[in-house]
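Right, one structure below, let's go through it.
Chain nomenclature is as follows: A, B and C, assigned in order of appearance, with residue numbering initiated at 1 for each chain independently.
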């Protein structure tokens, strides 16, 4: 049965603006007392990367290439529009600070403090060659069935 | 409790094709008797800009830059794919007219006639430096909590 | 009333990575016993094109152009990020094979075997000039009202 106190968000995108939107919605719902689950898949996983990841062995050549080319963590994400090689993202972060809007780093921290469940999609991690030790702590490593189990219990399910 | 007569759509994207899809779904649901709420955030706000906005004071330098670089209203939106500097959007609008598909301007007008609730995200407006006087009339200016309140009452919630 | 055994996914995007995500979720839900409906619209229709479509008459000049420029079927879709003129998509497909992840062709085949309902949006087909004979077999050709009817019966509704 649908339960008004649960929400899930699939974070597929790794664009700064979209990931920001996902965390603003997630934190807003958690602040209203909802149980929130975020399921990170594909490019969305980049938002969870540590800025200076450990050197990881056991990647194939192509996985290593993906890993080197994809952004490492919230500070490196670009905008989905008007990014201009990173200038757009810099501009947006600057305006956000001027307007006292929380940064993505702060929003992720708040999400953890509020007990938002963050799941990393293991199938995407295999494809992109991301290892748990490259991602921030406190994640659950699961497949799509776990997401679906959460979504079945929720009344709002978004794909970002 | 979920209520089969309510729908919400977050319009995050400002791409013509995606905004068109959002309004087609919203108008379709409203025509079937549903209460529909659209929550415009980030680039999606550009679909609500007046084509010839008033000169607005009180913007920071960066907000002014965002404002000048972002498209002003439905006529200026580009496609998410194959836009080719606006040519793709022109082509699509032309085919739509040939196929008697409503234009985005018409869809927005229909949405208002059908009483679809349109909410503008004030946090995004702050970041992008958009002021209420630059947007079309009849909007509600709210935060994410208002969206979540609507979504809690709805049985279909989409993020576009 | 919401029914925990139904899911719908709007496949708006024609990017390989997003279409993959849509089918992984859809197949996962179907494997758990859910009734799943996928509604293909705009670029998402390209995932359903036959690789070597028949020559089709009755297209306008612009519809013909769209048809020639859009990718024909799963093998031709690009990535939403890091596509590099198709190289990125090739890389991802290669890694997927190395990791024993099903290809999009296989996922579509599984979706059909599992009885997932696939709907093609006729309004988008008109705009893009796609004819039923250019798309794979077994689709339902419907408008947005049919999608909304399905979504009203579902407890998870995503827009990809």
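By our rule, a residue touches a chain if its C-beta (ideal position, glycine included) is under 8 Å from a C-beta of that chain, and two chains touch if they have at least 3 such contacts.
On a predicted model such as this, the values are computed, not experimentally measured, just so you know.
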Next on the checklist: Regarding the chain A and chain B pair, does the interface count as same (over half of residue numbers shared) or different (under half shared)?
Outcome noted: different
Checklist entry - Hey, what angle do you get rotating chain B onto chain C on C-alpha, to the nearest 5 degrees? => result 120
Checklist entry - CA centre of chain A versus CA centre of chain B: separation in Å? => result 25
Next on the checklist: I need the residues of chain C touching at least two other chains; which ones are they?
Outcome noted: 2, 155, 157-159
Checklist outcome for this item: chain B partner, complex, touching residues on chain A are 2, 4, 17-18, 21, 24-25, 28-29, 31-32, 34, 80-82, 91-92, 94-96, 98-99, 101, 155-160
Checklist outcome for this item: Counting only contacts in the complex, chain C reaches chain B at residues 1-2, 10, 12, 14, 41-43, 60, 62-63, 65-66, 69-70, 123, 126-129, 143-145, 147-148, 151-152, 154-155, 157-159
